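So, here come the structures, one by one.
There are two complexes below, and they share subunit A, which is joined by subunit B in the first and by subunit C in the second.
Moving on, here comes the complex of A and B:
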């Protein structure tokens, strides 16, 4: 009680103190939403920053290289005496590696999704699905190492003339990397098809396979197509696997056993070479990155549009 | 009028071929599921057999060296650790703050859906583009140079969407009666958020943050753009030092393997260190999730 006596204050003092406290908390209470809004706007600023830097530096690039030459040129010689900047060899490399990756990831991912959603017993699925998702968690640099030191020598047994750096082996490994993405998203789409539809088909005498192909897949098609489009977007933006295993040939060719450079690998090569700021080759980084950004953005928006617009509601 | 009778034999034959078809495809579907796992197994076995004998105390503790038998990765380990020192606070503050704003403060409307759309679009931007943003903004415009701070901020922006989405889900999962009880006791909104909702959502937020962190640790492409030197540099001692990181070291050793064959083994050994690190992080995330799952 002695301590209380020492700190004794009049009631009016206590009220005053309480008021001060209230005032502080009220101010804090009013400040918090705006503080949070500022924090939330950082993500918007990131987008603005990306778009601004890509556009601003690309404009500088297109002052030196006519925009038409860039998009229609088949010759890319950034380091020669008379440098030429045609993006088509890079686009070609990107598209070919993406096609190879999707030839692997599309069918295998889709069939994995069918197995997991339609055939697998619950306990098997509970084991297989997380295991498959480990594939998506392996850093891409590890896949690049694997493609370069293991898959390419393996492919040499089938194609003896394959080069040490080629587009085929990173394309295949990129496909393996994308399998879990397509499998998981397609499985989600197929699992959300109501069971009554399956039961209807089975009751009419169709086998599980017929039910899957004639009922479940058509009903889940929007989700499945969206997962493919997202897979393509992922393949276009993938960097380290191709940077390591597909080399740096800038020739416009269609030989998949030869070296080819993708847009992403070009950025790694040029930026890693310490291109001096202000040179045309430095600005070409941004023009290529802008092209890449636009491609992946279109794919992502397309995936969203497909899954929203064509979704069947049950 | 002629009556058509079913040909029992024909139906039976067709039926059995349909059933056989079903079984055959089922086998194919199962094999496809296993394909990915087989590749994963081959990858892990190959890398472990190639690199495991290079892992010893010297390899973990030594400086980098051009001499393959003396090279060590302590610098890369420290570089990765310092990167995380930047990434963790930045992503936690911005990620959780954004999630709280979107879930608990923002009115449903144009602004909120604009920010949400923007975040989901950011998640699809290739990591190499973030590298260019980091190069332009942090390395050149703000003149940090290619130091840990620039690399860490770049990686933080890259994994931010993952943290935001995870935190949003965790906040959404907190039952409404908790906050209603808090308001009923006279607590203000911020008091409720800070003392009731955030603690309840913390396990979910931490799980998401750890997964984002493991993505940042393995990310290489943005760092290659920032111009991380392949040279032998002293151990980093702060966020303003130049650095190398585990994935960068793997990258340099892999592309130089055509010059010195042994570098491929060093790369494999470094990959083992990286994978063990990622495995530990993910195990922690799973532990947290299992321990605190669904207490309500």
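Moving on, here comes the complex of A and C:
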């Protein structure tokens, strides 16, 4: 062999020669971990930065408005002569719209997941699941004007006294938006329960429904709870739908046919409006945003706790 | 033939000789299979199966992989229908009723016919809840009765002493052998008439295997047991009757000592002496 290639260098000689050129790449190789670390820390640093800003600006707000007044106040009049900053109307709006959304999305999403995972024949599942996920791709602004121009008039047939902007209609539409999330994630959790468990239950004479509710769902519970919490977080953070369809009334009321403002919608209104930097109303943005942040943080911690408590390990 | 197997068979022979001196009790037929054919789509998996299974006996089904032995076992409690493309013809009579009849309520059948799987499949619940599951879905709610059922079932599977202090632990903390005996106990909790076992020891170590085999000998006093096994020594050790399946057909079905010492069909002899399979 070597005789045939007399004009050529041997492979080991070529490798030796290349080594010189490769020096640069070798150095790069050593730098890669630190480079990647820097890039990876960008998102962490951003989060830290956001939290810092939220806290710093909120402190400025709480210098003007006592913290207790903010969290217990039921009156929110940022633009009046004697402005009052009680966050409860916003908190109330957020909670009510989230509850409505989950009342819609929870049962429907769960039933869809049960159908897809336990009952649907393979070919039906293959068509239905992607279709369902398309729903998740509809821009929220579309859902928003859909709630405003279609759902509210529809609701007027049931509640004639419903206001043009109300919390019920965006709540329902947020629920519709969240259905695919809950259905898809819960279906994933249920499908990953091993078949051997279903067989074990069926072999004891359980019906399919008993198997689903007493074996499959308990085994998939941590994933199902996670999907619900993601849904709730999504509802709490949802902005566009409520900004369009629920109006900007800052009353502290429990009438779901009336207009209410959520924390997110308040931020949209103030940020897009007349708040000059440095005014109390400007700082109130940060205080509300901080409340929103703490709210979702608590939700996530709660979810972790619940899913750990209920997890059936296999 | 390996010496171990010869020994096992000799032992078996001696035992059967002893048994034969006892007066033969007329045993009731639990399952009567007549002209059973089964297809997975286009594949003809079971061909004209005729076989009866009697109470208080261990019936072993042996044969190479893909011969249809597990399929037949799963037909006995209609678990085979979990594969949607299955078609059957013929009949299997269980206590005078054809279970392949679509009007036969499959849950009733499975309540009376327990099944133990190849790989232990406890529910991801506590040991107690695993056993109580069966009685609970059939409407038994009384805590005192459930406690009693759990204890009796675990005793029946000879695992009570090991587990009585950890009934609230998750079943997945148990060893493989314990899990399998827990699954047998779970099956006993609904007091079935028949126990189907699909290679119950194939994932277990020799010691756990021995314990399951001893358990099978105890259980056959009260139950009809049908066991599918890859392990011919196991069939020789624990069964009263053996069916040899090949390519979806029953080649031979007879008393176990006949099958192992005096097979009527050449293929049976070749298989049990290890010439193929």
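Rule of thumb we're sticking to: the second predicted complex is superposed on the first by the 269 of 314 C-alpha atoms of A that agree within 3 Å, B and C clash if a C-alpha of one lies under 4 Å from a C-alpha of the other, contacts with A are read in each partner's own complex, and residues count from 1 in each chain.
One rule holds for everything that comes next: contacts are C-beta pairs under 8 Å (C-beta built on N, C-alpha and C of every residue); 3 or more make two chains touch, one makes a residue touch a chain.
Keep in mind that this is a model prediction, so the values were computed, not measured.
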{"item": "Combined model on subunit A where subunit B meets subunit C, clash or fit", "value": "fit"}
{"item": "Touched partner set for A:219, first subunit B, second subunit C, both or neither", "value": "second"}
{"item": "Which of subunit B and subunit C A:85 touches, first, second, both or neither", "value": "neither"}
{"item": "Partner chain(s) touched by A:210 [first = subunit B, second = subunit C, both, neither]", "value": "both"}
{"item": "First (subunit B), second (subunit C), both or neither touched by A:70", "value": "neither"}
{"item": "First (subunit B), second (subunit C), both or neither touched by A:37", "value": "first"}
{"item": "Subunit B versus subunit C as contact partner of A:196, first or second or both or neither", "value": "second"}
{"item": "Where subunit B and subunit C come nearest after superposition, their Cα distance in Å", "value": "6"}
{"item": "Common ground on subunit A, meaning residues reached by subunit C in one complex and by subunit B in the other", "value": "207, 210"}
{"item": "Contact set on subunit B toward subunit A in their complex", "value": "18-19, 21-22, 25-26, 28-30, 32-33, 35-37, 39-40, 42-43, 46-47, 50, 93-94, 97-98, 100-102, 105-106, 114-115, 118-122, 124-133, 135-137, 140, 157, 160-161, 164, 188-191, 214, 217-221, 224-227, 247, 250-251, 254-255, 257-258, 264, 267-268, 271, 274-275, 278, 282"}
{"item": "Subunit C residues touching subunit A - in the complex, by the definition given at the top", "value": "77, 79, 82, 84, 107-111, 114-115, 117, 119, 121-125, 133-134, 137-138, 170, 172, 183, 186-187, 190"}
{"item": "Complex contacts: residues of subunit A adjacent to subunit B", "value": "25, 28-29, 32-33, 35-37, 39-44, 46-47, 49-50, 53-54, 57, 107-108, 111-112, 114-116, 118-120, 128, 131-132, 134-135, 137-146, 148-150, 164, 176, 179-180, 183, 207-210, 230, 233, 236-240, 243-244, 264, 267-268, 271-272, 274, 277, 285-286, 289, 292-293, 296-297, 299-301, 304"}
{"item": "Complex contact set, residues of subunit A against subunit C", "value": "121, 194, 196-197, 199-207, 210, 214-215, 218-219, 312-314"}
